[in-house]
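In what follows, structures are represented as C-alpha cells.
Next come two complexes, and both contain chain A; in the first it sits with chain B, in the second with chain C.
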Partner chain A sequence: MEITTFNEGKYYIIKINGELDASSSLILDDAIEEAVNKDQKLLLFDCENLHYISSPGIGVFTSRIEDHEQKKIYLVLYGMNEKVFNVFKILGLDKILPIVNEKEEAKILLNGALNKN
Partner chain B sequence: MKLRRIHMQRLAVFLAAISWIFLLGIAMIEQYRFSHLNIMEEYVPISIEGALLNSFIVFTYIFLWLQSRKNESQPFHNLIWKVFLTGMVCTLFSGVLSLASSLVGISGDTQKLVSIFTFRVDFGLLTIFLLTTFNTWKRMILYEKTRYAVIVWFLFEIALFSTLTSHFFQLTESESILINVFRAVFFIMIMLLSVNLKWVPHLVFNQKITSVFQLLVSLFCLAYFFANIISYYDDPTLQIEDYSENIFYSVLSIFIIIYGISSLLVILFNLPTSSVFEKKLKELSIFQELSSEITEGKNDNQIYKMLLESASSSVSADASWLEVHQQDVFLYKDITKEDTYLIKKEIYQAGYNEKKLKIITKRRLLPFQTKSQYNSILAVPLISGDEYLGIMVLLKKLTNAFDNTMISMVNTFSAQAGIAIQNFKLISQVVESERYKNELEIAKAVQERLLPEKLQVNGTFEFFAKSKPATEVGGDYYDLHRLSEHEYVVIIADVAGKGISAAFNMAQMKGIFQGLVRLNLNPDEFLIKANAALTSCLERSAFITASYFHINTETFKIRYARAGHCPTLFYRDAQDKVEYLETDGLGLGIIRNESYKNYVSINEISYQKNDIMMLYTDGIVEAQNTETKEIYGFERLHDYFENNHDKSIENIGNTLISNLNNFTNAGNINDDFTILLIKF
Partner chain C sequence: MVHSIKINCSKSSLKEIREFAEKILSNYKIPEVERNLIVVAIDEVCANIIIHAHHCNGTDEISIRISEFDNILEFAIIDQGEIFNITDYNVPTLENLIKDKKPGGIGLILVKKIMDKIMVEKQDGKSVCRMYKSLVL
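Up next, the complex of A and B:
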C-alpha cells in the first residue's frame, strides 16, 4: 500500500493506494497523525484506488472518531468502490463516517460542516 | 561347564609348572646317570622331552595370552614397563639363585645337580621373559594394523610355533641346512615386522625417555640370560641339552632383539620432534573440549573461560584477558584490570578494527612501554554470527613471539567459541519459542472451553456450530443460552483482528454476554449495554461485530439486532428461498458514548418449521483465492445455501468449509471463521 498526501487549498488530501491491512494500517495512522500535527482540519480520504480494507484498516478510522470531534477535525471519504463500501456499510460506518462518490462532493460536504460551526 | 578365564589361567600355569618339573627331573636323572654311571644315552626318548618342553612353552604362552587379554587397552609405555619388569624380576631371581648356589659352596656331584637345577630355572625364566616380550611386541606391531602387517604376523606366528615340532626329533646334518634356509626366511619376516612402530609417536616426551631406559635394561637382561646359559655349556661335566642351535629359541630371540632395538632407535629419533606431536595432541584435545562444550550447550561464561584458557595456554601467553561488554564479562589472567585499560587503548590506537585479529609487536608503538613488560600483543576479536562480542588479548614478553601457527590456532579457537556462543543463543531461543508454543497451546485449550461444547436445544430446533481460528487462538465467538422453556438466545461475534489480542477481547465478549444475557434484555438493549461495557476495556482501534437473536419457540418469532456483523442468511421453506436479513447496526466499540443507541435497531421475524438460519463470521465471505485474489463473497454464499438447503445442517456446514478450503487454493482459510446453522 502507498499513501500520498497533499494540500488542495484548505483541504488536506490523503490518497490511499492498494490494500489496507493490518501492517499498512499503521502507515495510514501515521499519515493521519501527521495531518493532525500539521493542524489540518479538513481531511479528504481519496479511496479511488483502495482495493481492499481489513478490520485493522477500519480501526484506523474508527479509533479517531472522538478525538476528531474534540479537535474539530472533519473528514470525508470519497471514491470508494462497491466492495470496500460494503465493508463500511455492514459495520454501520456509513452512518457515522461521511462517504461520498466524488471529490467535489466531499469538499462541499466539508465546507458545509465548517460553516455549521 | 564353561571355564572362566581365571580357571583357564590357573590350569595353564599348573600344566606349565608340571611340564617344567618333569623336565627338571629328567635332566637331574640324566646328570646323575652321566656322572655316576657314566651313561651318555638319553634316559627318556627325545620326543617325550620335546613334548614336555613344548607343553611348557605352549602353556606359558597361553597363560600370558590370557593375561594380556584381560587388559587390552593399556597404554604403550605400560606395556614396555611390563617387559622391563618381567626382565628385571627374572634377572634378579636368576642372579640371586646363582649367588646363593655359589655361596653355599658345595662341590662334586651335588654341585653338578645344583647347576642342572639353576640351568633349568634360568632357562625357564628366559622362556617366560621371551614369551612375555613376544606377546607385547605382538600388540605393538598390530597397533593401527594394516592388512599386510596382519598377514605377515600371522605367517610369522604360525611358522614360529611350527618350529616347536623340531623338538621331537634329533636333527640330522642335512636338516640343519634346511633349517638355515628357514632362518633366512624368518629373518626377512622379522625385518618386515620391525617397521611396524606406529605406537611410538603416541608416547609423550617423558614416556619416551623412560621407555628408552626400560628397553635398554630389558635388552641387557636378555644379554645376561644368554651369557649365563652359554656359561653352562662351558662345563663339559654337565649333561645338558644344547639349545644354542634350537630354531624356536633362536628365531624368538632374534625377533625380540631386533624389534627391541628398532623400537629403541625409533624412539630415540622421535625424541626431538616429540614436543611438536605433543602440542598437536594438546591442541586436538582443546578442540575436542571446545566442541563438546558446543554440543553440551554450555553457557556463554563457561565458553569464554574455556576460550581464554585454551588460547593463552596454546600460545604460552604471559598474561591475557577477555572482555565482552554486552554481558559484562571480564576475565583476566596474570594481569591487573588497570593494565588492561592501558593496553587496550594502545591496541585501538594501533589500528585494531573489531573485524580482524591484530598483532602488535613494535615496542615503540607503545607509549606505556616504560611500564609494560609485554613486547608482543595479539588482539583477537570475538565474533558470533555477525555480531561483535568483544576482545581477547594475549600478551607475551618476548618480541615477535607469535608465529603463524599460533595465530591460526587462536583464530580457530575464537571462531569455534563464536560458533559455541551462537549455538547457545540458538538453543536458548528454541527453548523460549518452545515455551511460547506451549503457552499458546494452553491458550488454545482455554479458548476452546469458552465456546459451548454441547448445545442443548431440547428438540425444538437443530443446531450446528463450527469455529476455527487462523492461528492457535482467534477472535470468533458464539454462544447459546436458554432463558426459559421456550426462549433461547443465540449470539455470534467477531473481534477485529487475529491472534492473542483478538482472543482476549473474545473472552471479554463472553464475559459480557454471560453477564447481560440473564437480564433478558431486548436485542438492541443488549448491544447498547455491551457497547458501554466494552468502552472501558477495548483498546481504541479495536471493535467487535455481533448479532444477537432472541428465539421464542412457542410463538415462532425471532427478535434480533445486529452490531456491524455480517448479515444473517435465512432460508424460508415455504418460499424455498434464501435471503439476507438486512438491518442497520454499528459495530461495538466504534462509538463509545451514549449516541451508540442511535445506530442500532431491533427487528422481528416469524419462522416456520424447516426454516434454516445461517450465521457466520467474515472469515467465510472474505476467504480469498491466493492466485486470483478473488474473494468468496456474499453472493456465492447465498447461492451455495440456496442450492444445498435440503441437506442436513452438519452436511451444509462441513461441505461449505471444504468448499471454501478448495476455493482459497491454499487448502485453508487464512482467517478465523465460524459457521452456525439453526434448523427449526
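Up next, the complex of A and C:
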C-alpha cells in the first residue's frame, strides 16, 4: 500500500494505492495526521486505486469524524470501485461519510461544506 | 472437497489468506461484490486472531479450511491461541464507535453482517471458528 499526498489549489489530495488492511492502515492514519498538522482543511481521498479495504482501513476514517467536525476539517472520498464501496455501504457508512464518483464532484461538495460554515 | 492453507501469525500473511479465499471462491457463482465481502469477513476473523490471540508472533500458525456441502460454504479458522467467542461479543453500534473515536470493533460488525452463522468451539485443544454462508441467495 502506498500513499501519495499533494496540494491541488486549496485542496489536499491523499491518493491511496493498493490494499488497506490491518498491516497497512497506519500508513493512511499517519498521512491524515500529517495533513491535520499542516493545517489542511479540505481533504480529498482519491480511492481510484484502492483495491481492497477491511475494518482497520475504515476505522481510520470513522475514528476521526468527531475530531474533524470539531476542527472544521472537511473530507470527501471519491473514485471507489464497487467492491470497496460495498464494504462502506454494508456498514451504513455511505450515509455518514461523503463518498462520490468523481474528483470534481468531491470538490463541489467540499466547497458547499466550506460555504455553509 | 476441503481446501486448506496454513500461514504464520503475522499481519503480512493477511494478503496470502485473501488470495487463497478469493481463489477458492472464484470456483462458485458468487457475484464479485459478494465474494469480496466473504473475503473481508475471513480477513477480519484472521486479523483478530493474529493480533489478539497471537500478538503477531510469526512463529505461531493459523489454518483456514474452506469446504462446501449442500450449497453452504463453511470457513473454519483454526489456531492454538486463546479462544475468542465472537458469538458472545456484544457488537457496538457504529454510532458509538464514532462517538468514542475508537478505530476497533468495526471488523466484528462486518463479520456478523456478512456471514449467515458463526460458531466457536474448542476441539482437540485447538480454537475453531466456523462461519457459514449460503450459496442460495
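Points to keep in mind about this one:
Here, the second predicted complex is superposed on the first by the 117 of 117 C-alpha atoms of A that agree within 3 Å, B and C clash if a C-alpha of one lies under 4 Å from a C-alpha of the other, contacts with A are read in each partner's own complex, and residues count from 1 in each chain.
Convention: a contact is a pair of C-beta atoms (placed from the backbone, for glycine too) under 8 Å apart; a residue touches a chain by one contact, two chains touch by 3 or more.
Owing to the predicted nature of the structure, the values given are computational and were not obtained by experimental measurement.
Partners chain B and chain C, brought together by superposition on chain A, clash. In the superposed model, A:Asp21 makes contact with chain C only, not with chain B. Touch criterion met: A:Ile65 reaches chain B and chain C at once. Within the superposed three-chain model, A:Glu82 lies in touch with chain C and out of touch with chain B [touch as defined at top]. Number of chain A residues touched is higher for C, counting chain B against chain C. In the superposed pair of complexes, A:Lys95 makes contact with chain B only, with no contact to chain C.
Of the residues of chain A, those at positions 22, 55-56, 58-60, 62-63, 65-66, 83, 90-93, 96 touch chain B in one of the two structures and chain C in the other. Residue ranges on chain C touching chain A, taken from their complex, read 11-12, 14-15, 18, 32-33, 36-37, 40, 43-44, 47, 50-51, 94, 97-99, 101-107, 109-110, 113-114.
By the touch criterion given at the top, residues 19, 21-23, 25, 52, 54-56, 58-60, 62-67, 82-83, 86-87, 90-93, 96 of chain A touch chain C in their complex. Residue ranges on chain B touching chain A, taken from their complex, read 496-498, 540-543, 545, 563-567, 584-587, 589-593, 599, 618, 631. For chain A in complex with chain B, the touching residues are 22, 29, 55-56, 58-60, 62-63, 65-66, 83, 90-93, 95-96.
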